[in-house]
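Taking it in order: structure first as structure tokens, then the write-up.
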């Protein structure tokens, strides 16, 4: 059990390869903010879908290189800090390593499975092959004249993920959209886990098939309620679509963006301060009505 | 929705490559018995752990070739029909294609994923390489002088699996030990699913993360209560360890084994007859007391 | 890069429907007989929903998030809408969705959008200008490369039809047509037909036996000449070219009253 | 192939314990300081349970079925015991268990058994005689090849210690030692130390820097000469060779009263 501050301070260092994962759901925003707060520099940020959290980390100067498959703010706007750091008329300087969704996911899979590479059924004819030398071909040893593209194993220094619940040992249960969290946790040298709530061992053990990541893979367990805001945690709070829609206007103006980072990240001092600033009733409108799973019977010999 | 008889009759033909899967748990015994009843011949039986069901199918003359990783009857005895068909002093004639657990699982994974092969982190120095030409090496395109073993994709003609429950569309939910069922269902050209019970759509849809195999992968859904006996269905009935222990004595004597097949498979006429023969109260002693999972909240916008 | 959307919808004469409605209706019609559609949120969602409620009750939308058999009580605003997960038939893990479902060949139709498309249906969603010093950085592939390479066929919806979007040569080929893929890597097996159908604001292109996108129909009030002018390659026009039958009253009623009463996508 | 179990236990003098108890206790002692143990049902289960209750409360058993952090209310009879699943901390899918946990390098100690072991810890679990016309067909690898190739180290428990089980040359090398693996395929990376510890009915072998299994201790009532006679290769005896300290009363009490009161494995 760590505080968020302590977990980031202990396990994330300047220059690390850090994977912040979560596919539209359970994005570890609170952890990204804490990285900004601690002014970590020179990160290689690995994320299938760099979105607002990447825009913020790039704007705050934490990121040197971005390894990714899709960068954007859904259909509601652009990530202007990221674009300024890439486009020819911007300030530039952000290095990119670009994949497709499955290409990057397959890198996590190979990294988790200890194999040097993973074959994928794509990339032939794509210009990505020309700009990413990691996309290579291997001849099939089973058929004449058949080749497949492969991607290399990826083992980030740190994985940071958010989930609904875990026990104090770090046995993680999650539901709804799962993203690549299981893969990236196994692939990474260290894993920081943020959860909406720490629950009793008995809750976890009542449904072992729901545990996606065993505690032995997790280095730090952090209880961090609402830590995925403005993204969502299925069953706990819905996505703050208003915030997503408001981001373009903030991000487009570099000064306003820096002011936002100052006000909402640095000056809040921590995730507690961020929640206080949102206000006591903030999550009322985002809280769904309960919709429970039907139980399954594991049976008992007793 | 199919009857067991109709499902096997429609989707399993002489000479097919048939994967019967289930790792100690949810072994599709009823389906294996029906294959014997219909006197299907010349099968290539694919199974990570050929156990009693394989012994029965081999004894009944259904199987020409066995693709496997571990063949035995746990720690309680031998499979004498299989051994007679392999050992030099037996009648012989069973062709073998031998792997380790992950090697065969990885063949299913590659088959499911449409890639020509899957790298594995093993086999160097094993004599399996000498007797199984499917175990091959590929050079890593990322490091000098690094090679990895690979196994080729496997796409069986038919996968046969058993699960606790599904809806009438074939959306399958299973818990406890999961085995390679998800992989083999996706890898196979056709999938026959047997379940303990067909449940309402709402039950399945209350917990979508529990659905391991979507209905579109399933060609035939068969309701087949107690169809995994003498293996078990977590929460529904425990393993019939007495039967497992009794098997060696039956299997050791070819005449007794044929008599058993005649009595328990052919003369029962079908799974219903098999259950009738076991007797009405048979499953009382094997039925566990309930032990339910704690529900999770998916939340609802309504 | 001015849009011609206005030109297509402005004529006061017939269009009692918007471009969005037209694109959704036409896409829906081409979905007839299809079973599994891989699509994101937006017009494809409307097209699949309309198909479910009209010609193809069994059609199923698969989301890249892993959700299959979704039954949202209202139209999802984003792919990250919690209502897509609640009550769905299954939520697959990402390796299963991309590895087994998509690469495994279970998708009949993949829906893609793009900033640029070429004559044989290769798509650019990465950059305008050179990749290492782009004029405009676009989101990138996401799952598009995999959808193109693994679906039995691909539909592309293009809101803007002009010579900067229908181009002779892509600034960057993110998702290659199978033809381009085989040309680049003849030993890598391809699957499916690539882009078979392009539904734009001006008309519909379908691919011929060689994979070339040919004009199959023009929407009401659009001329073949207009399509030629707004397309960056010499357009092959099918002998059978027709005027797209306009949305029917029933199609429009379903879209407006049943499917998207809140006008989330029907702008 | 007569067993020497009787010889080791028969002497009326000291052994107030069975061979099973001795093997479990000695295995447990070597587990000290280890965290994650990959093991099947049987003696390894007893060893891990004893470690949990004595020297290593945090030690964890991982089952090849995917069950981790099992808390069965009574000793499981088989790996297929439903009580292993109920109340476990996690049940992983098979690709995660074999791919990510085992191949990923998370296992400290893998426990294996074998029909034959050689001087450097390669194991045969496949056949006696030639593979294509065996005298005795054994079960095969199962997960043994992966456990050997991917654990940080491997413990082997051999109930029977004689020249047909401790052999100069295996009939079939199912699971090769890392040394054998590197000799066969020098370009394929290996992980871990292979078999570091063999616990037999006669004594304990540990591997030296070259990976050779050397006699480290002999059990009460056994002589070094006896071990040499029953081993198919010239046995290297460590200078530090000792007599295995016999099970303590507390160890026996835990095994008999707490862990296996029903004598499922303590035969």
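Think of it as A, B, C and D in the order they're written, each chain with its own count starting at 1.
Keep in mind that, in the parts below, a residue touches a chain if its C-beta (ideal position, glycine included) is under 8 Å from a C-beta of that chain, and two chains touch if they have at least 3 such contacts.
Worth saying up front: this structure is predicted, and the values here are computed from it rather than measured.
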Result of counting contacting C-beta pairs for A-C and B-C, higher pair: A-C
Chain centre separation (chain B, chain C; CA means) in Å: 41
Chain centre separation in whole Å, for chain D relative to chain B (CA means): 28
Centre distance in Å when chain A and chain B are each reduced to the mean of their C-alpha atoms: 37
Residues of chain D engaged with two or more neighbouring chains: 67, 82, 85-87, 91, 95, 99, 103, 150, 191
Overlap residues in chain A, where contacts from two or more other chains coincide: 109, 113-115, 120-121, 137, 139, 146, 148, 175-176, 178, 182-183, 206, 209, 234-235, 238, 288, 291, 298-302
Contacting chain pairs - touch in the sense defined above: A-B, A-C, A-D, B-C, B-D
List of chain C residues in touch with chain A within their complex: 41-42, 64-67, 77-82, 85-87, 91, 93-95, 98-99, 102-103, 122, 126, 129-146, 148-150, 170, 172-177, 180-185, 187-191
Chain A - residues contacting chain B, complex: 110, 113-121, 134, 136-143, 146, 148, 150, 152, 164, 173, 175-176, 178, 203, 206-207, 209-210, 234-236, 238, 288-302
Interfacial residue positions of chain D with respect to chain A in the complex: 35-36, 60, 67-69, 71-74, 82-83, 85-92, 96, 99-101, 103-106, 150, 191
Parts of chain A lying in touch with chain D, wherever the complex brings them together: 109, 112-115, 167, 169, 171, 182-183, 186-187, 201, 204-206, 208-209, 211-212, 214-217, 298-302
Residues of chain A defined as touching chain C within the complex: 23-25, 49, 68-72, 74-75, 82-83, 86-89, 92, 98-103, 105-106, 109, 120-129, 131, 137, 139, 145-149, 175-180, 182-183, 231-232, 234-235, 238-239, 241, 244, 288, 291
